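Per-chain residue numbering starts at 1, and chain names A, B, C and D are given in the order in which the chains are listed.
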């Protein structure tokens, strides 16, 4: 079994180390480099003791192109804006890129610049494919460069694509209430991510259409609706390490039963290994997907108000980041799509 | 300062012991009895070590009327259905009743029986006043019997009353996403409340209009709307001990600015000591109200979708149960309304 | 690759389901039965949604001998006393037994009966081998019946065996302070395991030589000391799902340096894959072994008081129960010892 | 009732804000200033929303002597070393000082400099009294300057003073295993205090006599023993916001029963309101003292090994810092010692 060489640029954050964990146990991958300016020269296992005995690698301090040198694919696990420039450098080497930042997710540069910052690699933008395999697998197959989706959008697009595509709901009625674990905020120390601030707490943030994942969600839904979709999206901070639970609300566009909607979801995802549709009457819990690449989906119909409630759960660091990145890698290198990603969640 | 005698019937649950804590330090109350069949004869401080050195009382096993004997007011901290019968017995003694169960919250007996169980004290029902002081203080003042509101409804009615009353929102657009700490499930051992099932987890439950607090929420809103209101309400289970955060969504009924809505809230609650309106741009966190009788409210306007988002936070055991019960007691006995309830939340 | 048939008797507790998880992904095992009286007829995935899509098995209600019928090995994940009888039945079938209860861990029946209850299978007792592979591998190899060690003893014996064997410490000076996650208490609902009782709490329990793992710890140490060893052992309850951290204290028996003791540990465990010795100056955290079969060990020398401090960390459900059971199975069936147990801990 | 003016220098950390909370509700105190360089000009309630509606104060940026100007007492809630200099400045104003740092706790300047840093205010050192009221109340009464004890030492000295004083234990056998909540690390952002690093984790740190509270513990014990005492002290990090549980081990110096030792504790603390001795057979949990100035103590005797186990629990931010500071203030100003500190712990 031939192996590919993979490198991670920006590997010391929570997403980066999660990718390290996945790639180290992937049977068709040699992890050849993990870069980190802050921890250059330090063994990965010293920064992340869970890796003790699993690898002797040290973080390296190298430029994007140096990292790309012997690699077949480079993962970028960097903040947005920083990622753009690294992608620009690596693009010159012709190596495949899987970018976990937001820099290449929005096809429209104007939208990007409105919500984020200046885009310095606009030419590159067209070459990137939005890497949500269950929804856009065919495009991903031939891609050189993948924009790995955001964590919130992954949980939401998988939940809403079936009903938007089948026109079962009124697209202007979409309200999405999402709750994320703290690892989504990364490992950069900040008061807001301290244990004491988060434990026994719960809050909404960036309510009122201010979170940057909003245009990414709308871009995805618009593709399935065939017409512009706008949503109300409110993220919340959960006192857990990992996991996103999105509770999406929509008014029905026509008279359908819960069973019919349920069947629609089952059909839509019937050949997907990473989406689990819950039996009617049951709803997902983030603790059943922790550490896995799964998206769990459950539905409920409020007949009194004719609204559909869809609850979806993912692990933000796996299906919402590193796992999905590895899934995209599997697709573009024609490996079995689930390779290295078949773990069962550990409970409790 | 003359003191009243208070008794708690069913005092060994989380709500009961919270009431014990509050009443023990209330300057105008003698707590004369705390009943519990399970723990009869056991010191309160043995069941709840936080009370060690604060009281030598033991739980007693007594009938409702025995408990009521020397009391001026009896608090019922019992499961619904059990509470009805106790209330019936105590009513005969002429003592004041503050019922923390759901048994007398719904004015319409048909609705009660549809959502709960048979009602055996229908005559008594009319004598009960719904005890949400900030909204119905005048009625509470003269009441003999108080139906203490549910925890979810308290957080929601306080959040929505101002905008429903001012007709700022479309009443048929109301979607309420609520998240509660585990103490809301009580102290009865069950798999679902075990540490291992809840920690690092998060889930929705009873989605689709199935939670019994739904008719209570609708009854309250209907009073402010002057016309029937139906809501979509989805509760979730948070991995925290205490706290409810409700994120309510509504479409605007007219063109208003965030500042105007904010002013509406400030006006509505300008003389209330237990409601704090957050400055525009800030949103509440349950950890700022833990242990207090406060309801914190913050708002955000999504101009892109013309929807209002209202976030409200309470401590489910205090403002959502025992604290509000004590507030009602203060009102009906003409004590200062905040007496014994002025604590500042402990953080972190 | 020939596969063996494995069955689990008493599979619906936390330990049982953990064994299910491990065996389902083990390349040389067919899991043919999982019994549970309470959940008979219910799909495993309904009781443990993490298993959804991983298995269609249902819990069965069957006798021990029925469960054993087509099995090559039967795991008993039952409470002590119940396990004895099941073992007695299965012994008649000649099938291999790995017992995760305490029933066959203590070689001396008197000690067992003093700390636990009457032993009804005393003849069987001699046939059981104490299954702590890193310390007693040779005996395990030929065994028909394995007594799988307790969680606390596993963490403690691995930490102390090297220094006791090398006579580096005074054996009468041993004090062991252990802290365990809540899953150690099992899934049986009880007030003490409720989220609200445990979260934000921490306590010692059964202090003063009252915990039943004490004689098991002493039996193990006595084997290495060659003379009776008594310890002071205090367990504590940690507000985490999984993990045991044992901090063991001992006075030095001779003048040695920290580096020499460290080298002693490295030598002792140099060919072990499931024991990781931390570099001097670093100490383990339970969150680096969660979900793994590892035991992490770190040491510190207090030169001021001439005491050695050894800190050891395991996952109580894996190395402390189901993982070690699978490791024992691997040994007795001559599979690679780490098969199915090589996962890296998920962090954070 | 005449009030005193109190000021806090360095009020924006967890300890500082806890002191704010306590002093704001103290009936004999006007809080006149709360300084913070970082948050100068920002309302306290913006940094700590729990204070919303409780105070309109803003943090000020002022020198120590400016802060002291109109104050009767100045609390220093600063890092060690910084505190020294502030104390030096304030000493010149003649105002009373209660220092919550480590700078004046160690009477011996050499010991201080060995464990901490250079001491620039050696002359002042003699004027400071070690403020552990239950043990040294008489000295505190007349003091101008109080060195408020460390959190670990408070929990340990209260647990050990009775048995050391009565010579019930061998002083050279003392081993102390302590576990602290995360707030002990302060509010300064650091990787080690992030939610994701701490939740579901547990570790020892600074094992082997390296923690700076060691000499403070030994100094206190030495006073009761009348001869030098050395201890082995190992701190651990608990995934809780607040609380320290210390499990102390000692060999008996003579034949005594558990009941005799228990009686010794009851006698020793018979007139103390902030120490609760648990009935024999029960042990404290940190969640029964959260938010209070209490120290809970339980004992167990291991007759098999003739060792005494003493378990003590405090809230590190209250009895371990701000609460004890307020208790000291009450003493030196001749207020009732428990004033403003009589709260019952909120559970759960």
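Operating definition for what follows: a contact is a pair of C-beta atoms (placed from the backbone, for glycine too) under 8 Å apart; a residue touches a chain by one contact, two chains touch by 3 or more.
Remember, predicted model here, so these are calculated numbers, not experimental data.
> Could you tell me which chains make contact with subunit B and subunit C both?
A, D
> Weigh A-B against B-D on C-beta contact pairs and write down the one with more.
Pair with more contacting C-beta pairs, A-B versus B-D: A-B.
> Tell me which chain's centre, taken as the mean of its C-alpha atoms, is farthest from subunit D.
Centroid comparison gives A as the farthest chain from subunit D.
> Centroid of subunit A to centroid of subunit B, CA atoms only: how many Å?
39
> Centroid from C-alpha atoms only, then distance subunit A to subunit D, rounded to Å. What do you get?
45
> How big is the gap, in whole Å, between where the Cα atoms of subunit B centre and where those of subunit D centre?
Spacing between the chain centres: roughly 36 Å.
> Counting only residues that touch at least 2 other chains, which ones in subunit C make the list?
Expected reply: 14, 183, 196-197, 199-200, 239-242, 284-285, 287, 290, 348.
> Which of the residues in subunit B come into contact with subunit A in the complex?
On the subunit B side, the touching residues are 172, 175, 177, 179, 196-197, 199-205, 207-210, 230-232, 234, 236, 238-243, 245, 247, 249, 258, 283-287, 290, 298, 300-305, 307, 309, 311, 313, 348.
> Using the touch definition up top, name the residues of subunit A that touch subunit C in the complex.
It comes out as residues 14, 17, 21, 24-25, 46, 48-54, 183, 199-200, 241-242, 273, 276, 278, 282, 284-285, 287-291, 294, 296, 342-348.
> Quick check on the complex: what are the subunit C residues that touch subunit B?
14, 182-183, 187, 189-191, 193-200, 239-241
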